[in-house]
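Residue numbering begins at 1 within each chain, and the chains themselves are lettered A, B, C and D in the order written.
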Amino acid sequence: MAGNSIGQLFRLTTFGESHGEAIGGIIDGCPAGLFLDENFIQSELDRRKPGQSKIVTQRKESDNVRWLSGIFEGKTTGAPLGFVIGNDDQKPKDYEALKNIYRPSHADYTYDAKYGFRDYRGGGRSSARETAARVAGGAVAKLLLQHAGVSISAYVSRVGNIELQHSYHELNLKLTETNLVRCPDAAIAEAMIRLIEETRKAGDSVGGVISCVVKGVPAGWGEPVFDKLHADIGKAVLSINAVKGFEFGTGFAAAAMSGSQHNDAFVRLPDGTIGTATNHSGGIQGGISNGADIYFNVAFKPVATIMRRQKTIDVNAIPVEMMGRGRHDPCVVPRAVPIVEAMTALVLADHYLRHRTTRL
Amino acid sequence: MAGNSIGQLFRLTTFGESHGEAIGGIIDGCPAGLFLDENFIQSELDRRKPGQSKIVTQRKESDNVRWLSGIFEGKTTGAPLGFVIGNDDQKPKDYEALKNIYRPSHADYTYDAKYGFRDYRGGGRSSARETAARVAGGAVAKLLLQHAGVSISAYVSRVGNIELQHSYHELNLKLTETNLVRCPDAAIAEAMIRLIEETRKAGDSVGGVISCVVKGVPAGWGEPVFDKLHADIGKAVLSINAVKGFEFGTGFAAAAMSGSQHNDAFVRLPDGTIGTATNHSGGIQGGISNGADIYFNVAFKPVATIMRRQKTIDVNAIPVEMMGRGRHDPCVVPRAVPIVEAMTALVLADHYLRHRTTRL
Amino acid sequence: MAGNSIGQLFRLTTFGESHGEAIGGIIDGCPAGLFLDENFIQSELDRRKPGQSKIVTQRKESDNVRWLSGIFEGKTTGAPLGFVIGNDDQKPKDYEALKNIYRPSHADYTYDAKYGFRDYRGGGRSSARETAARVAGGAVAKLLLQHAGVSISAYVSRVGNIELQHSYHELNLKLTETNLVRCPDAAIAEAMIRLIEETRKAGDSVGGVISCVVKGVPAGWGEPVFDKLHADIGKAVLSINAVKGFEFGTGFAAAAMSGSQHNDAFVRLPDGTIGTATNHSGGIQGGISNGADIYFNVAFKPVATIMRRQKTIDVNAIPVEMMGRGRHDPCVVPRAVPIVEAMTALVLADHYLRHRTTRL
Amino acid sequence: MAGNSIGQLFRLTTFGESHGEAIGGIIDGCPAGLFLDENFIQSELDRRKPGQSKIVTQRKESDNVRWLSGIFEGKTTGAPLGFVIGNDDQKPKDYEALKNIYRPSHADYTYDAKYGFRDYRGGGRSSARETAARVAGGAVAKLLLQHAGVSISAYVSRVGNIELQHSYHELNLKLTETNLVRCPDAAIAEAMIRLIEETRKAGDSVGGVISCVVKGVPAGWGEPVFDKLHADIGKAVLSINAVKGFEFGTGFAAAAMSGSQHNDAFVRLPDGTIGTATNHSGGIQGGISNGADIYFNVAFKPVATIMRRQKTIDVNAIPVEMMGRGRHDPCVVPRAVPIVEAMTALVLADHYLRHRTTRL
């Protein structure tokens, strides 16, 4: 009820702050018999981890996951999967100076308002570190989804004013991991990286957009009313730090369209199955997957910590000036690509299992 | 688990299809002692009901709510509130002709794919009729929120290409209900109404955007990780039929901004309390309300039913041509205003109660 | 969260008090394609209804269930099943005299303590009327379980000091419905009926025990830790009004046994499958069904309403004398037999669906 | 959904098997500001741990809890409390010989039936080791309940045929911890210890009963329908390994009583508050606490592992003889006393928080 769990049947519960001994979580409801490919899981965590390139935070975390339960001879047993990820690089001193200050657009003030006090060392649960547990859980979800033939590919489609104009159909998504910013267009990627570097030099930060495509979801996943498939995906990605918006299929552009433009005619596909001539629906109709690609965009605001002098107040409402310290990302989207994928995987794994109880 | 409930502590569960005897629901978890103002509740339903003006569907439904339990001498007792809303105007014949056809961008195909068959009379749970139960539940949530000093105001900010350029600060939201389209700017409203009428005459439909502002939420509501306040609001409004996107605060525009532009400096307000100089955060920081106004936009696609000849296939994947029948909205946003408010109210009522268990 | 729902995947939510227009509920999560045999469902309700014989309350309720949604051409569609049961025989005047009195061993005082006030007309949610919705939900669960080959048979094994000495193996459970008290041994049944009649004439009430046997549950249902199959059954039957105890398999007698007596050796059954030589485990080991019969006992206290002068206090803590009024059961167990079966069915239907997600 | 969590608002999720690196859990929903007295928590674990006396298993586990999150300067922050308890004394070789055998009255067979295979090293989730995490969670719940003035005292009231005849009123519960068997009557305790020692020498095991008394719960906790306070307590204790029965208040004895004997007359207490003259109700009426002591009994079967030759079958249904190995408790009840208290505390802490949302 305090919101540290996600999913109904495939359920991740997480704990941990950046400054403690470890963060971690429990995955409950993973079916028995799944080969838990620890190399794959670690590779997912490595895509998120700090210090991986010059355009991300230089904090050093090895982000190694230790699995404590639920595995026998490499396979899940049906028991809950407990895991911990050690915090290697705690520098609580970075935060001591800020303990009485409400940093602009951080959660310091809201935590005090909610809980009556706060653990000022590292942002508590609002720290980006918390997302490592999401990626670990999402990696297990991805392994489960592989059995259903589902693949998830996110990429950076915008950094500040530099925007990828092509839709995912026109891109080679295999190129996403070939550059630091995770944009599948090499030229645009170059410009994005340059912008991020300039932004960092200016002591500032910049926002961006991540796009995501899911292939292989069969028709029939999702629930028709409150737990529409896109509503659950939307909630999951909106729960990632710094996310400000979510749209799927035609998204906000649909507001300007007419029904005669927007409707996706059903057609018989060459293989005899049913598909749609266009996919404005984004693979989901009435909250339920229709077998077409699911695609959506996620907007991220610029990181709140900047290396510039800012005005704000302290806990006594006295005006102060402050300056960001520590090692932070000038732009969150390159490292958020695996997080968006993880959250999507968690939702889809859950609906994959939920769908099993639909029919007699 | 089949997704017909929303909320953890303040929980609405709904049932019903448009063609049956009645739809309805159960509100569980409403605190005891709330005066259940049935006039207010009915007035909310009247804002949603069909036939209310020339720009909406001419279906006739009185949408009277009958409360069956949980009330004693006008006040809630703490017992669940059961309610039914009769279906007056069932015309199943309208649908008989379509029983074997997969209408473009409807849920016919996905229902068949999910359940193995479908009740073709009126769209089943994907019918807009289902939203009447949401509005009834949301009206009770609004009554509860009044005790916490919270008010919710949604309005139409876009229809097709006609867009309200002013932010909510510059508008008089009391004017929203003074015109058919529920846009607080009279001139823009006029243009929107004209566009909707032209669209209907052309046998087409058109999308739109609803904006929503919530005032009076104190700092501290919402949970910091998966159940961030905006994530729960996002899911709730994304679960409304035809919604394609959600953004709060600066939303997608944040992607193009720098941190130095976007950060909201904390300030001491004239009354001695803490506030922010700007509100790019949209009243939520780290998933928790900060006391400022919460505001967001919701994108709606054009209604799928249009009065034009369209190509599609039947259940045997044979190409057919079809034409919309029945009485449908050419644009869903005017009637969706109270629905957006209702879903927002349900989420906030839930977090209001959840917040009560936060501290020792 | 206010506890008006039961089940995770097969979920019943109920509403209603005895004095209102109707009670009812919503069944969410029933798989699509189940033939909803309304005659069977009604026959289950008839087993519970008041006025069915001389040894139960003479209140008159027809207890007809009206199904409002989720059914198409006789089969469940996967949508929620909404239902209402009208209250025919409301006599609120019976209660007017008691509005300020805390009846001994009723919930009057605890409701006031919990909610701050109470609806004194008919006991609110603590009325036995609430169980009609349980039986309706349980009847649908039974229909689902028939597909899995599961049958549930409860019977009265004790009324006051008259106790059935035989275990269920030695009884013909088809005789349960052949007498008013629902005890499968005709001679014992006769004695029980006599005791109940004498008790009523004496203006008193008497307790009893219901035993229940479930056949056909395959090995593998139930969860190993908190949601052990017997723990969920135990909770479900303990939630029935007047229940004071639950034991399964050897139950309390196990406390006096040694392991060498109690252990159930596994054996190869004649058909080549695996079974146990004895069944002290009551069909459940480690919280999971083992394929043997599941059996358990449920203890009921005597009904609190008696037709005798009793001392108690009023809402101002002033001593008063009161006398039961209205039409009440002198012994609850005959009518509780279908309720015990219904609660058991709800739990098993839920675990039947939950089990579907156990393996890859 | 796989049943590794308990509680709605105060929620414990656990993981771990006896043979792995560690077991552990996450407590979510503990209010912020609670002083987490680690000494007290450890003392609770020490009451459960193996090797504490001559009448329990001689396995050596230090059972030290390591808290990984959610604490700042000794107090809970409102963030989830993650914890691990290392497994010191793994002897997987003890189990190797049994990997293909279905031990009588163990969960070996049901695990295979459910999951398709099993981790045979130490019983998996059915190991008694799992209860250490329950005690850790329950200890935090107890700390929370102390703020509400609630105390929980369990004790052994029966071992085999040796039964404590006195009710809890006549006992000095402070003596419970003064002897190895945790029975507050020294003479009876002596006899129980002797019986357990004889049983062990005979290579056998023996069942027992634990009684529990809760003082200080104010009137008003619990929910009136499915989540009755005693139903939730019943489920929680029935989920403990080896439990076969639960009864509260008069329990099974109520079946033989008349209403005129059983009813608890309300009286004005000397301090002006409302109480009852007797407490057959066991402190709960209509599912809601009435302010009187809550008391109940829990029946435990004899431990399945005995040091005697037993017949059973192997995984291929071939008859085999086997003999218990390893270090096991001849009687589970002395060590189960803190577990019963822990499960009770978890339920009460949850309802304490749930009750906060009952009224406007």
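In this section, a residue touches a chain if its C-beta (ideal position, glycine included) is under 8 Å from a C-beta of that chain, and two chains touch if they have at least 3 such contacts.
From a predicted model like this one, the values you see are computed outputs, not experimental measurements.
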Those chains that touch subunit C and also touch subunit B are A, D
Pair joined by the larger number of C-beta contacts - C-D, A-C: C-D
How many Å are there between the centre of subunit A and the centre of subunit C, using C-alpha atoms for each centre? 46
Just the number, please: Cα centre separation of subunit C and subunit D in whole Å. 26
Going by the contact rule already set, what residues in subunit C reach two or more other chains? 1-2, 4-5, 8-9, 14, 29, 32-33, 78-79, 114-116, 124-125, 224, 357-359
Which of the residues in subunit A come into contact with subunit C in the complex? 1, 9, 29, 31-34, 78-79, 144, 147, 224, 353, 356-360
Interface with subunit C, subunit D side, in the complex: residues 1-6, 8-9, 14, 102, 104-107, 109-111, 113-116, 124-126, 130, 158, 160-161, 199, 204-209, 218-228, 230-232, 234-236, 238-239, 241, 244-252, 254-268, 272-274, 276, 280-282, 284-291, 297, 299-306, 308, 310-313, 317-319, 354-355, 357-359
Give the list of subunit D residues in touch with subunit A in this complex. 1-2, 4-5, 8-9, 11, 13-17, 20-26, 28-29, 32-33, 66, 68-70, 72, 75, 77-82, 84, 114-119, 121, 124-125
